[in-house]
């Protein structure tokens, strides 16, 4: 048993903690946000997406990559210290598209991570992996999976996959069950699910910098008083939300009408539960 | 499954969320407090008690009603959007009186609520429904019932009754296990059980306005550092206490003497546990 | 059943809660700290250690005592209202030394406490009684014991011993599982385990003044965002940390290197787990 | 603390364990069954009912008693060692009738038991106290109450009442949550809920003879392979069912049709859940 | 709420419970076994596989179908009362093959089941969905998923998928986490995981005939004294194993050597955990 | 990760599983019993005690050893494959005697086991490590320790010690919380705690032969219908009791008197709880 930290990834003379971080899905909403914020953490930020990423700024590398292309994924992972995996589809879509991007793609990513000896992944899971719990139930990291659609189902897959790569190969992952990450809450449901941009970035930082995470699951949510999600099993991450949806509550005043007993709003996933296999 | 909220109670053009709220027990301590505070929530507040309620102010309706009178209760419920049920006896009393007011009365109320198609009740339960837990034990909404007297026993009855009306007929209830709701703590025990007036009103507001509550149980207690009651299963209500008993702690300094092993103060119900069937 | 508090220890006309408190281990780091802070709580503070305690100030009594000397321990307990037991070895040491001071010594203390009719002990246990939990696991007072060394093992013994003296003889104990109590955190691990001096003194105060504690276990830790230890079962003590390790986090920036899978830092006890039976 | 059993009830020279047992509800189905089987347990079996009990056999005493008549109940309890409380209504009925017999009546009984210094009650509760759990959920003694009708609601009351009399006065009770006690299962639901007569009598014997029961809750059910009820928390009673509904399964073959999603048969209480407040 | 069972699938005059059952994977080992045993349960057994199924016997229909072919799957489901889904790959294989057969295929099946209005699926999941638990840990239906390979990972997917189709569309599924179903145990590990053929068929019968199953997870294992898997949450299925691996224990005597700390045999999945992504 | 069992201890050509087993406490009651029964398991059984062991039979080695003598203990462990640790005091005694034999002695044993590279210990713990639980409570391997006397306290120590040696050094231990192991039950309490000789030997066999045990705790109890102890967390050991106290129940008929509320018999430890520090 070793009593000293080994210095594999960032043992250079660089003042930044990492030499090279890979961000997949860099053209997405959260990817664009992270692109700005990762710079202090790594000498080089490699950005990947299937879509357009513009031109590389100083300290950036840009890779256009379809995650379902195994060889391309393996190539993309060369020289990477850690991966922030935000790639794939992040909305309900026909199953074959979701399978291509989120199932084949995430498998390719983890297989490449393992083969390259990369030790840490921060995985953009989603609260939609458990969106079919009623709003009256409080859940934590060990509550059985209850996806609210096909998209959420692929996030369940990613969580199980990353669990396997940790148990089998020691690849550490923090699964972020992200709620509603926007500049501000857009509807009454988001008074419970809102994750501010600042809190999101802090959560990613904790997921990346915590010395030991094993396979962790954490809800990505700000300090909202409506509180469905219990993060107590992620106390080791040291994530403390600083923002809250509460000041926005007045934008969504109580209408005087409670939802019907079968209303989609009675489930944590909200309208997502109605967006399922609609494309057939 | 419906994706839009229906607009049954308050779908009028009124700017207030509800058209008519019924408050039973309006002449009691908490009833009087609520009488003032409910006005912004409803066009009409119907006030009911067996005792004197004075004259109706603007936006008030006054009904004198013995809750044990079934026909009167049913009449009282006409045109009501939601009920705040604070009626009945709120102190230890001979069993027959408690049965009359709290058992027959609460049954009459729920049967009327169901018959009238009313969908939400905020029920003044009490921490005395679980007052026989020792102070060294922390309990939550699912801890088995342990009443500390006949009064608490009738509150157990009300909780079971409302559970049935939800399971069978879909009537939603929030059971408020109210601690010690006074202007300030009156003794050392209330450093744990104190509920400020402001926090109480906010709790009632959450219980009434939360879109979906099913059958919820929540402890009515301020943010006191002595903390016997775990409200984590009521996170969906969004209740956050703003006040605390802590600033009053200096009024009740430690005496230098711990209680004897069989002291009533070793139970959460405190002296209530000694006030039981004393009238026989 | 008695409804009034009895007034055994401090029922004198003294303005201080206790007449005489005994502090063992008064020459140790935490003992010295407490020596200063106990004065407002008792007319007389009796200080004990095997080492030098200097001269007695006003309101102090000094007793040099080897805890393994049963007669001396019994004598030391005469006239005492309550005991703060911080004596014994507080670091890894050869087993025989630990057994002498922490096992024989603590047994002597409790047997004397019982014989003298003393009703309350505040016991300096340690987080090293459960230090072999991984940092990715959150534990509470009922998590099975997992000592991280011989020192922690003697603390497990003290916790079991005090449980017995409560169950059998009604002697109440609060076991303080103290983390890292220093002026400030000394390394990255202490960002999770840090207990400030002020929070420590407040914890001791709560443990001593709470009317009923039975046999309680509480983690002694400040309000650090890295949070391994769940104190919810000690809510009756009313301990609320006011300080935090968080402002010191910048002293221990992330190095860019995560620990190896078998690194001692992956366990809550940290390097203590390597300090075990090394003296053989 | 006493190390020897005291010999209060049956310390006579009698060869039977008890001098006098009281059986309420002796004219009911289960009452009649017990009437035969209690004889070896007591010199005198006092039988009580509001209905006709025929003539007293040797070793029997017959008392006609309305349980709602407090004075009569107190008189009936004179000289009794223990009570088997099977009195009251055991089917859905108008609330006022249930309140009279099961709420007022059971209160009278416990108050009398306490006043007479009787130490043990075996209480005929019912699985209908928790009949609103779905058949797909397995429950135990601590699962929150979910009555399936007004009758079940009065059994919830009896359980809370007896809990109070134990906590407050030390009266021990075993609450028997009896399933379907008949000569054999009458429908497919009873393949789960069946309690044979022999198993029922053995359960009563265990509830009466176990040295210490505190306040226990146990499901009265035979060893049926369809198993909704977990009796592990009643292991101290030593009840082991010897019979089973399984041999009767062929009487109720699968029809080839599963119930609709809202069928009453999807709840443990089965058709009872539809029999609620129908009398209004 | 309906109090009578509806008679949708098998309401014909047939003496068999079902008109038509579909068995996928009928050419596999368990499929062949079921082919023989299903006849008494349905007028017609439709058999499907991608491999050769020979000629149809009386009461059989044979369909050759690649589960990844959506149109073929939908066609195959016409006129079916219930599905026994044993199709797909049942061993570790390259990911793309597993994804094709077990992910795309199972999605196609459920989407077709839903579209056809079929109400019940018995799904051949596997204990390899949780095979990475150590053998020293006992798990139940709610233990978080820990697949032991890519095959197990696809079973996790199927469990999450079927949960979604129940929550969203009311399609009921029993997930059978089958252990080692062979004529007899083949190695020491199977003393824990063995499921006899007779017990397997009985389990399928329970899964198909139980009136209400919702979304159930049950371990398919005989009554072996080495017991890793807790089926208490599946008590409603009424499955009771009659066989046991125990008589075969003498075939696998203790060797005198315990496995090394990192031996694959220390995990429930045994050598499967080493069979992972080996094909890359 | 190794997929084949290594063959360290018993890899010789011997037909017996082990080459040499050490049994400490071989002169005690259970030691004498085991002495006879161990022979088929090992070529050589080394017997140790502080008392007289008579002459060595074929296949036996006899060592007289005070467990508190570290050097003697280390010598005794040479060439040993596994240890059955039944040595030390097995009854209430003055603390210093218990500390000498059970604390110092067990420490010496484990330190020697570790130094010698021995991998498995079967440790005779006791149900008295948790004897202060009331008889109305059912406990399992993770229930917090509640010793019922000083003897039980030393067993708590042994359990914590062995946990440490597993966590730190990988030494596997099964802690047997032995109930009442006699030819037959001697009093009514033993109807719950009885462990027959045959069941005891089978339990030891399981503890020794199970491939992987980590640090396991198992209650040593026969299949008695009065059931305080939940062994579900020890399912991997495959221990199934074949005997029962039940046929002896008629020897201890119910007396007609329940114990007083403070009777020692209300605790699982029974009269042991009164035998505590009586020697002072």
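For reference, chains read A, B, C, D, E and F in written order, and residue numbers begin at 1 within each chain.
What we mean here is this: a residue touches a chain if its C-beta (ideal position, glycine included) is under 8 Å from a C-beta of that chain, and two chains touch if they have at least 3 such contacts.
This structure is a prediction, so every number in the text was calculated from the model and none was measured.
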Shared interface partners, meaning chains that touch chain E and chain F: D
Shortest chain-hopping distance from chain C out to chain F: 1
Centroid-based (C-alpha) most distant chain relative to chain E: C
Between chain B and chain A, distance of the C-alpha-averaged centres to the nearest whole Å: 41
Where chain B and chain F are represented by their mean Cα positions, the distance between them in whole Å: 54
Inter-centroid spacing, chain E versus chain A (mean Cα positions, whole Å): 32
Sequence positions of chain D contacting 2 or more other chains: 273
Listing of all chain pairs that touch each other, if any do: A-B, A-C, A-E, B-C, B-D, C-F, D-E, D-F, E-F
Complex interface listing, chain D residues touching chain B: 95-96, 99, 103-104, 107, 111, 114-115, 132, 142, 144-150, 152-153, 156-157, 159-161, 163-164, 167-168, 273, 276-277, 280
Chain A residues touching chain B - in the complex, by the definition given at the top: 134-138, 188, 191-192, 224-228, 230, 253-266, 271, 273-274
Parts of chain B lying in touch with chain A, wherever the complex brings them together: 1-11, 14, 16-19, 81, 119-120, 170, 172, 209, 211-214, 216, 232-233, 235-240
